[in-house]
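Below, each structure is written out as structure tokens.
The same subunit A turns up in both complexes below, where it pairs with subunit B and then with subunit C.
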Partner chain A sequence: MFLVGIQGVPSVEEKSKTTKEVDPGEITSLQNVQDELRLRFCQNPLSPALYGYEKERRQLFDLIKRTASTGESNSVLVIGPRGSGKTMTLNSIYNELIEDDNIRENLLQVKLNGLLQTDDKIALKEITRQLQLENTLGDKVFGSFAETLQFLLDALKCGSQSSKPILFILEEFDMFAHYKNQTLLYNLFDIAQSDQAPICVVGVTCRLDVIELLEKRVKSRFSHRQVYFLNNYNFENYCNICMSYLRIESKPVSSDFIKEWNKQVEKLSKDGTVRDVLQQQFNFNKDIRALHHILMYVVCQLNETHTFPTPSDFVEAMKVTTTDSKSAMLHGISILELCLIIAMKHLTDIYDGEPFNFEMVYSEYAKFAQKRSSMQMYEKAVVLKAFEHLLALELVKSTDGSGTRIQKEYRLMSLLIHPSQITDALQKYPQCPTEVKQWASTSVI
Partner chain B sequence: STASEVTPHIPGRSRPLMSPSSVLEEARARLHVSAVPDSLPCREKEFEDIFSFVESKILDGTGGCMYISGVPGTGKTATVHEVIRALNKAYEDGELSQFKYISINGMRLTEPRQAYVQILKQLTGQKATPDHAADLLNKKFTTPGPRKETIVMLADELDLLWTRKQDVMYNLFDWPSQRHARLVVLAVANTMDLPERIMMKRVASRIGLTRMTFQPYTFKQLQEIVVSRMKGLKAFDSDAIQLAARKVAAVSGDARRALDICRRSTEIAENRSPSKKTNILVGMSHVDAALQEMFSSPKIVTIRGLSNQEKLFLRAIVAEFTRSGLEEAEFSRIYTQHISLCRFEGLTPPTTSQLASICSRLGSIRLLLVEHGRHDLQMRVRLNISQDDILFALKKKQMFDE
Partner chain C sequence: MTEFDNFKEDLNKTFPCRQSQINLLLSLFGQRHQYTYASLFIYGHTGTGKTAVTTYILNHLKLPHVLVNCVECYSSRFLYEMILNSLHVNSVTESSDLVKCDNMNDFVRMFKQVSEEKGIDKETIYIVLDKAERLREMEMNILPAFLRLQELTQQNVCVLLLSEIVWEKFRTGSGYCEPFVLHFSDYTNGKYNNQLIEIMMLDHPTEYDENFYRLYLNLVLSVFQMVCRNLKELHHLARLNFQRYAEPVKTGEATAEDTRKLWKNIEPHLKKALQTVYLREVSSSQWEKMQQSIEAGQPPALQGLSSRSHVELPYYSKFLLIAAYLASYNPAKTDKRFFAKHAGKMSKQSKLLKKHERASNHMLGPKPFALDRMMAIFYSVIEGRVAPTANIFMQISSLVSLNLLGHVASDDQIDSPKYKCLVSLDFIKSVSRTVNFEVMRRHLYLNCDI
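After this line comes the complex of A and B, so read on.
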């Protein structure tokens, strides 16, 4: 539950420095607010406001409701990029539907996920288990794969308009299309197209070309209804969504603190720095899940001396989420390794991207170390160790796989660092010798 | 194993269903693919052929097979079911001797040899392993015994009964040629030349030459199908039906598709009606909207919904392709292009990590085809859409969000 505890609890001397008396009531209310927001960002419950998908939600809602109330069988695919709120929408629809007693008593839900049910056999057992058919006892399903399939089909065939409708939700639908013969999909769609127990099959996937994966028979039985969740909101909406996530509506804590909190959030929404950060994030990635990561970082920074989020928190969060992993790695390598990387860069430039081997890199390095620098020239064995370290970090990659029996000095390699990253790293490298910088910047050709 | 006493069933509803209240709801119920009419329109000739074939075999007390093919959604299985219904009626009227009907479907079996288990279960109610069931069936069909009735068997999705030794198919078509079997097999599959393509000579020869092909429906036939289901209801404008029929006939001639489109257009008509009016006519505009939903590819809309950097990345790919003249590019090259495009547009250039995540995002929705991420800078990127589509979607006006 607690991913990150309250960070930065001030030490004793810091506490004595703070002149501001901290009200203990405020701390508990801050903790409550943090708990509430953490739940919102990490556990993916229903969002405070579902923005921009009213039409799509309406369509899915009507479809599932018709299955539940009039026993009409349907099939539909929900398609959209990852993190665009597909599962959340379905959950909120289901929760809204079962508020109605009539529907709650008359709707069975079966949830499958292509990552968990990796073949038809497991998926069938899971369906039988979730429906609690007669060949299950508790959580155990009896009988072989063939018997389970037969039993399930017979059960659905005996069903008619008077049996309970079943809502099948297939997450990661494209994985189901990779099973042998697509048996499960064929049977589900076939039942949805025939006069048997009423079912509604909802596939959820992020692939736009998912229909092309279906076999022709399965495709013919699928009703070709597709609902698309595409993030088509503009920046103004995006800011509003962000602030609605930070606002607290419920009353878990004393209302004074909440009022103050919401006032601060309101202030943030007008702040230029925050808007800049959000604009940068919006340019890069529009989905809400990525926004959660940033907000989560902001919320985790709060503690008893720093009770409200500030614009600098947002800037910090942005910095943390957008660090380039490779530049960070380059800051942590030794000077010798850096020299080798520069030598490789030169080799790549000279030979126009052709792969190189250790011997070439070593001779390039030796040329530099003997003629142009006052630095110490290392022995070959040491340089080889450094080279192998780069290989282990995967900054260098062997071009012909690791299974070859060539000696390691002669194995062909290629560099996995973009020239711009090297320039970047050299500028930020702590105490980088001047001659190394110069060697890097001289063009070889 | 499961006890034989268990009865498969789905729990019943606590309250009965609501009956359709409006004209459109009634239309929807009739348009549902499961509401198969008693006699299929536009399939009278095929019905006649199959009926007379099976009837003659029952009257003579001999066996035989027939191979039926056609693309999905052309009414093959429905016609066979109709034939069986008609034969049952003829038996009740005392014109035919009794027969037994069993059906197997290749898609509903976990493996081809389970077909034996199914057949045995439907014939005698016994349960057995596939090998044992095969022996029992062989004995049953090959030894002379007091035979009472002809067995009519429907083998649907025949191509999935293919095994390397082809023993399942061989047996299915060999049994009818036994003198004492009195078995009529109706084999149904999609491809016309299946016997010649995947079967051994000795299996294909046993199928014989009694074959029938179900042609895809023409637009007139599709129109007739929808109109016959709408008999006595004033729900559709006749031009609207014609539009749906013509569109589907041009693509596949699949009756399921036509019915689904009409059903979807009734929903659209209901949603668009200003108030709860009871007599709405489904017009051309509604059908057109349904067709757009079901046939259009949303790639252009998807591209317009991407973030600015993602759009720029697509442009960088197109630029790199134009530069190199190939249809495939390395990630590092595209990165170089992307940075120069960023400078041109005045955006902060992303780091390689960010760009790699953009690339994998576009790969996961399949706008791009990308290699595994472990190749890093050497990952090769291809487009899954045409370059024209990208250029069209990213016209200057829609390039950047406000």
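After this line comes the complex of A and C, so read on.
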């Protein structure tokens, strides 16, 4: 079920009916398809598309529902690698729950994120804001964090009724464990286990060792309920996921185009090249977000002259996303800088990975330039400037901290480029002198 | 649609040789309301048009955007406020209207607010962070949060990070949503289609023939290209030296076709520029002044490197410096051989043994030495008797404040401080020449390469 909120869609259909022009209609329908697909591959898609995890979802759903309907307090950790659908599942559970009128009126949701609420004070403010209790809190001054939180929860108790259930979702849970004294976690878990108010604390994290981060007093208050989201799908599932991302199911636009589109997608799913690309990506990274990157690229390449994705688009996307950036940067440096890199490579070989300094590199370069090549030999200051450029590009890094007072010529450095990247760059380098190439390939030991 | 094509043509004309990057960027941006990648990471060498192309597109398509240079916004608070206030732009007139924001939480909330207020929440908002490598030095949560700003704000926003440094260097810790990585490739410098020349031809001087300037650029590149492929640097050097090149044509000494003569005329100048202007030994205005003074027949006042290695020092200071240099670079155990009156010769055996050890004293840099040792060498190298007065010791501290000597922090010894010599061999050679002291031949323990 996909909901697409594109304005002007009906008018487009009307237009294509009245004018009977195929071309503009097709362009707009292509654009609508693009709108829809781009929305699917961005970070906040409207309609979550989930695969697998039925058991996990059920478990979480029951847990949260118990809090929402019977006021039972709970705490749970959702653990799984990035992009495995943890947050998406929680969102879909919440959306399903609030379809029930009773729950919608009662259940409050507080969403915190370790990247945003970087300390207790900010977190508490944010909780107040999300519970819409700013007015109640007013200018009151509290002694401790726990007191404030308790006051906030008490404020939610209205009259004779017991307090409203609250769902706390803590994203990047591991970041909260780095707060001073873990005050927020301690208080939340304490409330959950001592049944002061019905709350459900859901921590979302990608760290498997997250329990180890908790202090003893926090750990003992946690229910130790953990739900794992592990993306254990095989390649067949992966392909299906990919194709279902591309398929358009609803019919917001002229159905002819959609039919044709889906037919093309079906063709792609059987295409050998596309499967090769996907296999390569799958072996490299199973993350669905990485797949989104490729598909987004493919969708972006479409235009009026190129209306349907082709296997070559996939190959191109794969190429763009997997280029080796250091080799690409090496392609743009000057011959002198390249010579220095080769000299450094030789030094690393000779001294078995020990760090080197500029003087050594210079003398290695000088040996080459004077004895073995017809190239011009440059002044030390010019070479030093080239060396500093490499340093600025972070292709070379100082091994001791920048704080030391050693002169820059003698500061110890290490090379951060793999020999294979150098060879790669030399092959692609435009008009690289043969002497340099030979120098690079000679073994020094 | 035609308007868009016109725009594209314009863009390609303004930025030659960037067609593939431009096309890719435009296709990724798509229509105004369409979602795009949550974050784009654009990297490439300086002068490859990362910032220029992006800002041109954003400005001319009038997309809602904010440009931030992370060097300017060195703290997170400046960064947040800069972004929010530039989004606010029209309504802000007085400083009291400026938004205050000092943490990511408030930033995300206010960002939503501002974009809704301005009615741009239906379109993609672009946040361009130039020199993004600086973000790594700010708080831990900033970079990851910017990379998932789309998710955090639940808005159609795209963060563009521009940097010279490759993406791998940005990954530390967890929490990173990978951006889409885009490379702005360098300009090829092939024999037949040298893109660098194409770009530098864009602003050739109008009073001269295009071909004439192209030939000149070829000459400039032949001198500088081996050392430097930075467009800005090359462009600057080319502009600076052109008048000199064109002079013979202007005075009628040579014709525009007489390339050989022109080359002979300009070559020494370019070579000299490599050693001075390129290294920023002199500023470009100083360089121009120098050129003029040479033309007028006066000896040039400043001459780059050589001027720096020519420092006027008191007589004793010079010897002190030489002594410091010897103390820094000679191993202490050779002192006897160099400075004692009746030094024994080294046996053949030990000469062989030393060979390996010899290799690297000038490679590893100066060693710290105690004041006593330096004074001993000083008395040995200077002619005549010098009393160890306060004057001599004053000169040592003034050498330290001139940064010719360095004080090595070995904390607890007040009575025997340690120093290090910070000058180069070339410098010490020229100093010893002025006092007729042969540092190379007699006193320095050398590696055979130098």
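Criterion: the second predicted complex is superposed on the first by the 391 of 445 C-alpha atoms of A that agree within 3 Å, B and C clash if a C-alpha of one lies under 4 Å from a C-alpha of the other, contacts with A are read in each partner's own complex, and residues count from 1 in each chain.
The rule is short, and it goes like this: a residue touches a chain if its C-beta (ideal position, glycine included) is under 8 Å from a C-beta of that chain, and two chains touch if they have at least 3 such contacts.
Since we're looking at a predicted model, the values are computed, not measured.
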Considering only the touch criterion stated at the top, classify A:S255 as touching first (subunit B), second (subunit C), both, or neither. neither
Touch test for A:S374: subunit B only (first), subunit C only (second), both, or neither? neither
Given the touch rule stated above, what does A:S443 touch, subunit B (first), subunit C (second), both, or neither? neither
Mind working out whether A:Y186 is in touch with subunit B, subunit C, both or neither, as first, second, both or neither? first
Which partner does A:T434 contact after superposing on A: first (subunit B), second (subunit C), both, neither? neither
Between subunit B (first) and subunit C (second), which does A:C206 come into contact with in this model arrangement: first, second, both, or neither? both
When the two structures are overlaid on chain A, which partner does A:T323 contact: first (subunit B), second (subunit C), both, or neither? both
A:R225 contacts which: subunit B (first), subunit C (second), both, neither? first
In the overlaid three-chain picture, which partner chain does A:Q301 touch, first (subunit B) or second (subunit C), both, or neither? second
By the touch definition above, which subunit A residues appear in both interfaces, subunit B in one complex and subunit C in the other? 82, 206-207, 323, 325-326, 394
What does subunit A use to touch subunit C in their complex? 31, 34-35, 38-39, 41-44, 82, 113-118, 122, 125-126, 172, 174-175, 206-207, 289-290, 293, 296-297, 300-301, 303, 320-321, 323, 325-326, 328-329, 331-336, 357, 359-360, 363, 366-367, 375-376, 378-379, 381-382, 385-386, 392-394, 405-407, 409-410, 430-431
The subunit C residues in contact with subunit A across the complex are 27-28, 30-31, 33-38, 43-45, 48, 103-105, 108, 139, 141, 144-145, 148, 150-152, 154, 156, 164-169, 174-175, 177-178, 180-183, 185-186, 188-191, 225-229, 274-275, 278-279, 281, 305, 362-366, 406, 422, 424, 449
Under the stated contact criterion, what part of subunit A meets subunit B in this complex? 58, 62, 69-73, 79, 81-82, 102, 105-106, 108, 120-121, 131, 133-135, 142-147, 149-156, 158-159, 161-164, 166, 181, 183, 186-187, 190, 193-197, 206-209, 216-217, 219-221, 223-226, 228, 230-232, 234-236, 280, 282-286, 322-327, 394, 397, 414, 416-418, 420-421
Write out the stretch or stretches of subunit B touching subunit A in their complex. 1-2, 6-18, 20, 25, 28-29, 32-36, 71-73, 107-111, 114, 117-118, 157, 160, 190, 252, 254, 256-257, 260, 264, 267, 271, 293-294, 297-299, 301-302, 304-310, 332, 335-336, 339, 347-348, 350-354, 357-358, 361, 364-367, 376-378, 384, 401-402
